[in-house]
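Chain nomenclature is as follows: A, B, C and D, assigned in order of appearance, with residue numbering initiated at 1 for each chain independently.
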């Protein structure tokens, strides 16, 4: 079989992480098919030729439709801003090509449903870059829960806290609802919704209450003496129920001083509990309530044992940490496996998964607005 | 001036902590008036004479009204189960005596309002044993916030997690609503509502959504092959808003495996943040966003410096920890100060404070039941 | 049987901790014999009558020999400065009375040997207040090692770090060798030598090298413009071997900035490891290498489970911490048990134990001075 | 200027980390000269062509002398086993080419001195891959100390603990002195000697005592029923003094159960202290004793702020961790800077630095063997 020719639609920050992943995966893993960085698409003003040169893409393009249609391309990888995910994704599906798309897959629930339903109808593999599933500690948490180590799940607490959104942070497109869709909610809550669905193996069935708040209502426009009006949330909190009966809380924040990137969850089951914090992404906290009571405690598992923890055997020896971008390389490996008919290390989210997450995001916004609980069955 | 003759109404677990406090306070502090363990009241079946002997009470009684009326008594200290707080409290106020009462002050909002209004009308000092305010780390947190170290408060997250409530835990009075009032909610949320009000210096103005859940609906009755029906919550979560604009989440739980007694909060302000966890009660986590960015971090302050941290100068040298019961002794000291016209180390909650907390508890229950937000202005 | 009448020889800081212990023990434990705070001895200038009043001693005395001889006294408890331990201890043994003495038992090795041999020859019970053995976490560590949980011990690392000894700390008696014996060495290394002997169940057989250093050689004499010459160490480090083959390092320091009272050890065995830090005295860190590799990790055991962890069942419910002084109360309980022919909770060190510790202290000093290893067999 | 053509002498584990570094550096940094993976040398039996293919080396060779002599080569990068460092290093210096060599630079002190003196005499730039200097937290520690934040340094504690060396670990070349030089000592102590020299900016002047121990004296030879005799250490501990008066302890271990790769140090100065643990390599612990006493504490600095912490601005946004191999990429960047006449981010160790470290290693071994202190002035 030939190589996997990837076309990346978009550049920017996410373009760097994806380029790195496609470049590193065959060096560290033995994927069943070698990926080739075939073509990168960028707007002319973004100078995709510079990006292509720096990151080793063989070609660049300023026409995304042609790029997707190019018969040499086997996989369309989308890293554009959120509101520009849908057109290239639908185009790729239209011409029958697998798509891997950044999260959240769409700016609106309608778009997300459309993408999910189209992919399903066509039977084309899709992938969504909820990269935190690929942190070895999170993947191992998924495996532990699946093995029954936690028993029946009672509590889920998840929060994704950042602190860059103070009053001095200037106005930018991300503070406009038309362009960004939402604020911290779509950016951060999307991740922890997906991650807790993944680890628990359960669905969220109800949002029982929510708060959306914008603390800083106008921000200075750089280079001017004017202010832009902020039309997205700074923070969204919501309470929810999982299908297995657990109760849950979620929170996304950009002004949680002292939390650079604290993407964290705690899950309590009848037999044990887990805690994860992305600021210590190589560690998983595990409490095993089946041990003799005297030696029960929160155990800090350094998830770097190649024989026991997902992915890490392909990286470095025990006790040698990996970082943020490794999650993307791990995911690239699993995408190639799936495209070649093999099982991924742990499940890879597709458009349908991402649509479920989008439904929860939408339910939380409706709950905050209408000041009432919202059943997921009513959000489609 | 003579000694402070204390009458303690009730025994039980809380009776031990209070007896210890009244016995230790003059050994370690220099209170303006010496407390005397004058009389303990207990039901005849509880054998108050044994309790009195063990804990050094000079007298015991099986008639609480007489005990309160006894002209030698200067302070009535109530440690009975929650649903028995109101009668002795009102009796003490009726005869014009100061009262210190365990939390929550009452089983119903009506009772709490009655107690608060009576105390206010009569102008008699009252005290409520929200003991966690007296942990030096929490008292210091209050002082830090008051000094402006956190700036404007944006986020409050508080949870009180325990794990003793598994399916095997047998039925008992605490699982019956008529006797216990509520489950984890009144027992645990009461503490963190008071503690966050204390540390932030703000009031809760709205409950924006809530979940109350009972996971284990019947429990084995010891010594029988029957089961008792559980009519109180296992867990209550709610979202709220504070008067200064902060958004907040609260959670009380009894089945949060791995959490023996995790009474914790995190508060994020525009200039800094604080974290506290009672399982490490001698420590306060502080993030000072005013420091140069390169050296900003979460700082673990061991709150044992006598010259700088409240109360501890009366205990041991730096780095020598104190424990749970010291909070009660610290509070006994402040009660005596207030009764003698002196400022307490940090504010002591009175019946009115406790009534505020009770209003929040009630608002959360209504929100969970009616599945909608509840403004505190509507809960009186 | 009558009560246990205690005479305490000395007051000061340690007098407070002991008085508290004798007062609290019967309230929380059910000792086989009730202790009575019969008589406290103090120098006339120290006003023992005030101390007796504050701490509830029935009598005070300014003549320690008479006090010890008083036929009502059943136990002599010594809390004088180190260089004044030996005379009252020998006096008590002479009149056939049990002695409990503060650590280190003597200022010189000769005195320590004399005390140990006299006690042994007379067959009188003795006790030394190495209080850290009574922290539940340390006592539990002893039990775990004894149960074989660690396998063969390979490494011991112990340090006791404080930071009060900066250049600005004024001159005092503790900086004079004639009065203090040594600096950080006798004060702090004595504790960790005893604690690691206790936890490992092994003896130190050799000191393989040592450093003793005095960083601040003269200190300001308060109230004058003069300086006093420091003739004791600021820090002593030494390497050692244990009888089972483990290698070890020890360190005592007073200028280890950031460490208020960090009395810590780590022990690595072939099957598991332990870590303890007195600044988190309610916790024990345990690594069990017999668990499946994927879930191995350092587990933080909160040693507050009454059914499984020593002593704490007599204090508070699970998750409610105890503090520094509880170690002394726990020890008072075990002393009373031993005096009544019962097994202590975990072994109580006697004069012979303390003499072993003193031999190690001496070997370390000789090694530092002679710049060579010293076999313990040569230090008697 | 043309590209920097690198020849790598050797493959193996270190070959992977170096290949990755040379491949990644120009993608993330803007080095003044682009490195090219020109030629990799490997033994014929190692199939260097496969390694070259996987890691993107343009050529491979089985003749290291020719490779070094090739006029296209600008930098010789040595990653062979320790006892094979010296010949290619001297060869490169002979033909006037810069060398970057893995640590420790040589198997014997004589070789190390020879390499250092030759490089010095010829004035050719050399570099040694003490990669831990390039962890942003360690580089920032260096900068903090240099800025005076710690004041006068009093204590250095460094240990590098691993746990893979249990009794079941089979015999291999690394357990033979002729091939490995030493055991944990050269492998691990070399790193912490360099790292503490780097952070403190001081030299070690004396080894005051040492222990070298081999716990497991024979190990099973795989595939046979025979055992091989272990002739290297399992652990080496030593005490030392630094040029500024600080006292220090060092320890390398392979049987410290629970420590996968715990490369750690604590440094106490008169004004502040630092702690680092490679298992949390993105964090630096800092205690600033110049802050008001009440808010002093150990602060966990997440060293991911691009504007303030070395290197990380070239990687990802704040709060996104980097891993083990990034240290090598960071170093590749600084090597290229130095070769182009620019200042490195923080100092890069050269052969002379590595020779200093080798002297300390040798002094420790002599001290352990002769059982006495060894002055560094006597080890040359």
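Going forward, contacts are C-beta pairs under 8 Å (C-beta built on N, C-alpha and C of every residue); 3 or more make two chains touch, one makes a residue touch a chain.
Everything numeric in this text was worked out from a predicted model, so none of it was measured.
Asker: Give the pair among B-C, A-B or A-C whose set of contact pairs overlaps with that of B-D by over half, matching residues by number.
Answerer: A-C
Asker: Tell me which of A-D and C-D has more C-beta pairs in contact.
Answerer: C-D
Asker: In whole angstrom, how far does the Cα centroid of chain A sit from the Cα centroid of chain C?
Answerer: It comes to 54 Å between the two C-alpha centres.
Asker: Between chain C and chain D, what's the gap in Å when you average each chain's C-alpha atoms?
Answerer: Their C-alpha centroids are separated by 41 Å.
Asker: Between chain A and chain D, what is the separation of their C-alpha centroids in Å?
Answerer: 36
Asker: Can you tell me which residues of chain C touch two or more of the remaining chains?
Answerer: Within chain C, the residues that touch at least two other chains are 259, 296, 298, 302, 305.
Asker: What residues of chain A sit close enough to touch chain C in their complex?
Answerer: The touching residues are 140, 144, 286, 288, 292-302, 305, 307-309.
Asker: Of all residues in chain A, which touch chain B in the complex?
Answerer: 154-155, 157, 159, 161, 163, 166-167, 208-211, 213, 215, 235, 237-239, 241, 245, 247, 249, 251, 253, 255-259, 268-273, 287, 289, 296, 298, 367, 371-373
Asker: Which residues of chain A touch chain D in the complex?
Answerer: 13, 19-20, 23, 26-27, 54-56, 162, 164, 259-262, 278-282, 302, 304-305, 315-326
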